Amino acid sequence: MKRIVTIILTAVLALALAACGSKSSDSSTTGTVYRTLDQIKEDGTINIGVFSDKNPFGYVDENGDYQGYDVYFAARLAKDLGVKVNYVSTEAANRIEYLQTGKVDVILANFTVTEERAEEVDFALPYMNVALGVVSPDANVIKSLDDWKAEDEMIVISGTTAETYLTANYPDIKLQKYDTYANAKNALENGNGVAWANDNTEVIAFALQNKGYTVGIPELGSKDTIAPAVSKGNTTLLEAINNEIKSLKDEKFFHKDYEATLLDTYGKDYEESLVVEGGEVK
Amino acid sequence: MKDILLKVDNIIKRFDNNTVLNGISFDVHKGEVIVVVGPSGCGKSTLLRCINALEPIQGGSITLEGETINPADKNLTALRQKVGMVFQSYDLFPHLSVLRNITIAPEKVQKRNPKEVEKEALALLERVGLRDRANSFPRELSGGQKQRVAIVRALCMNPDLLLFDEVTAALDPEMVREVLDVMLNLAASGRTMIIVTHEMQFAKAIADRVIFLDAGQIVEEGDPISFFEHPQTDRAQKFLNTFEFESVKNHEK
Amino acid sequence: MPDLGLDVLLKGKNLARLLGGLGVAMRISMIAVVISIPLGIILGALMTWKNPVIKAILRVYLEVIRIMPQMVLLFLFYFGTTRAFGIDISGEMASIVVFTLWGTAEMSDLVRGALIAIPVHQYESAEALGFNRMQTYRYIIIPQTVRRLIPLSINLITRMIKTTSLILMIGVVEVLKVGQQIIEANRMVSPNAAFGIYLAIFMLYFFACWPISMLARYLENRWRV
């Protein structure tokens, strides 16, 4: 699915560029795609792109209201800027496109900071950590990858960060690749592999929901962060968001956010490792 | 001699560089039945299509009751109402009932009273033995029935001249007779008709005059008895021979 | 009875939200249908003309719209117009534009096919009976074309309704997206909700498309040519 979307996006980009040719440079001189902080304040409404079906980060409850860790912050940001908030339902595949066309002012949709993305959009200070995690059955908890047995296999979902990371850093570990979350889950439950590597938020939630499994490695490899993003070059809005994140440190806002939205899914144990307060990664 | 109804004068018809009719002339008198015969591709069907202005001609003239038939003419529809045509393919309108197939043109083209037209249509259907199929749709009829309806449809316009273009050629043999009988009846009632056909026995029975066409020209013309029994030209002789079969029984191998 | 998670349907405003989502899908597809059908008829008639320039232009239009996945068209019109021309159109407007372009292209091809399927004898018989050109079209050709067209165009309409499930990719929240939102919001409390919600969505699509399919079958039987 990810690949298809990538192909489509590439095709669209190619076509759009071909269609407009020199015109794209014209529009960058005559005006910008994004709205500055003042323009947003003048308008009175900020458009924030969030997930609408990624519980517990961004989702819609039974009353049609947006909820979740990202939304909790989005609401506070809008309130402190003194504007109303208009949530726009985004998909993982179109988040960058939304910012590049200025159709939203901010993306707050579990957006992991990467070098490639930073070339397309501007990230603000982070408000959450993500890393890879490894979950395994209680009977044989894998706590380290260093003494991996040659005959053991690791379950991964194709196209995920876990697959890329393990292929690059642990070439000796045999990978068992599955296309969907459900298939990977079945494989672990049937003992086809000794452990399952995925985003740590995913494996933590899995271990909490399924008895008999433990996250032996909660943080693997380089730690990534999740941050708000704005259109490239929208410095006034970027600074406003950064100042907001810094000023929220004193009231431990993101801890409150975690307790309100993520506690049920991840439990108290992971609060300190997941939450980033004041944009300061430890 | 009766009045001349149709005058075909030295007409030329070309498709690109291919001359299909090359100087055809003949007259049709009121009440006369003309049968046109000839080998395939000799131009018989094209001749009928020219008379009905479905094809433009490149030379000569066709006049009906003194008026020239010209496909570019604005009075074409008025002229066409005087000429009825029945085609080889069953060309009824599939979305209309038998009765509506017959009445639509008199009503919409001739602007006649619908009640009157319907009465006439039903009477004509009665004559061809299809009164009970008035409310059927074409898809429910046999080929022979469809052709009889097509003849009634042409008749209901009260044309002065009827053209028949190989109307039995696509029919199963057992249905040919019912259609030919209808045509014989029309001839008996004094209709003026030009018939293109391959049914030689029928031609002999119905024709007042036979025109033998070959390679776009009239090769022979005359009354049916002399044409069929004493053809004057080799070409006509050869053509007629193709309909004869010599018995092969009791021949030495 | 196994737990199908049907209780989730009745929670809060969920059912109303699903119906609202269906409303969005129906509104977009119906506006597109209402515009596409007359436009498609005009373009389809133009396609049977002998003018090679008009023919070539329409052919290219039809092929381009057909070859491109609808998803690409949606991205192109939603994001592409902003990138290229700085025009900011709403997701719903972009959807209507794309579905209209697509529907018009498909409809024109159906009309062209129906028109050329009418045998030349039908025109000639009508002419031989003295009908002029207008009358031939009015009484003979158009009624036959419409009869051929109705089942085909109704098939197209149901396809357009179903394809609205793609518009969630440009941020339009229609019935499928609402369904996904409900499933995700309840994945802890009712892990089985997916089944019940998809069942409900299936029923909603079914009841939206079924009357249209029935109408097609009725007309097909009535107008068999």
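We call the chains A, B and C, going by the order they appear; numbering starts again at 1 in every chain.
Heads up, the rule we're going with is that a contact is a pair of C-beta atoms (placed from the backbone, for glycine too) under 8 Å apart; a residue touches a chain by one contact, two chains touch by 3 or more.
Small disclaimer: the values here were computed from a predicted structure and weren't measured.
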item: Shared chain contacts [chain A and chain C, defined touch]; value: none
item: Innermost chain, where centres are averages of C-alpha coordinates; value: C
item: Chain separated most widely from chain C, comparing mean CA positions; value: B
item: Distance from the mean Cα position of chain C to that of chain A, given in whole angstrom; value: 35
item: Computed distance of Cα centres, chain B from chain A, in Å; value: 82
item: Separation of mean Cα positions, chain C and chain B [Å, integer]; value: 49
item: Multi-chain contact sites of chain A, meaning residues that touch two or more partners; value: none
item: Touching residues on chain B, where the partner in the complex is chain C; value: 52, 54, 77-78, 80-81, 83-85, 87, 89, 91-95, 104-105, 108-110, 139, 153-154, 157
item: In the complex with chain B, residue positions of chain C that touch it; value: 119, 121-122, 124-132, 135, 139-140, 143-144, 147, 223-225
item: Residues of chain C that touch chain A when the two form their complex; value: 8, 11-14, 17, 69, 71-72, 75-76, 78-80, 82-86, 88, 168-171, 173, 177-178, 180-188
item: Residues of chain A that touch chain C when the two form their complex; value: 8-9, 11-12, 15-16, 19-20, 23-24, 27, 30-31, 33, 52-55, 59-64, 67, 88-91, 93-94, 97-98, 100-103, 209, 264-265
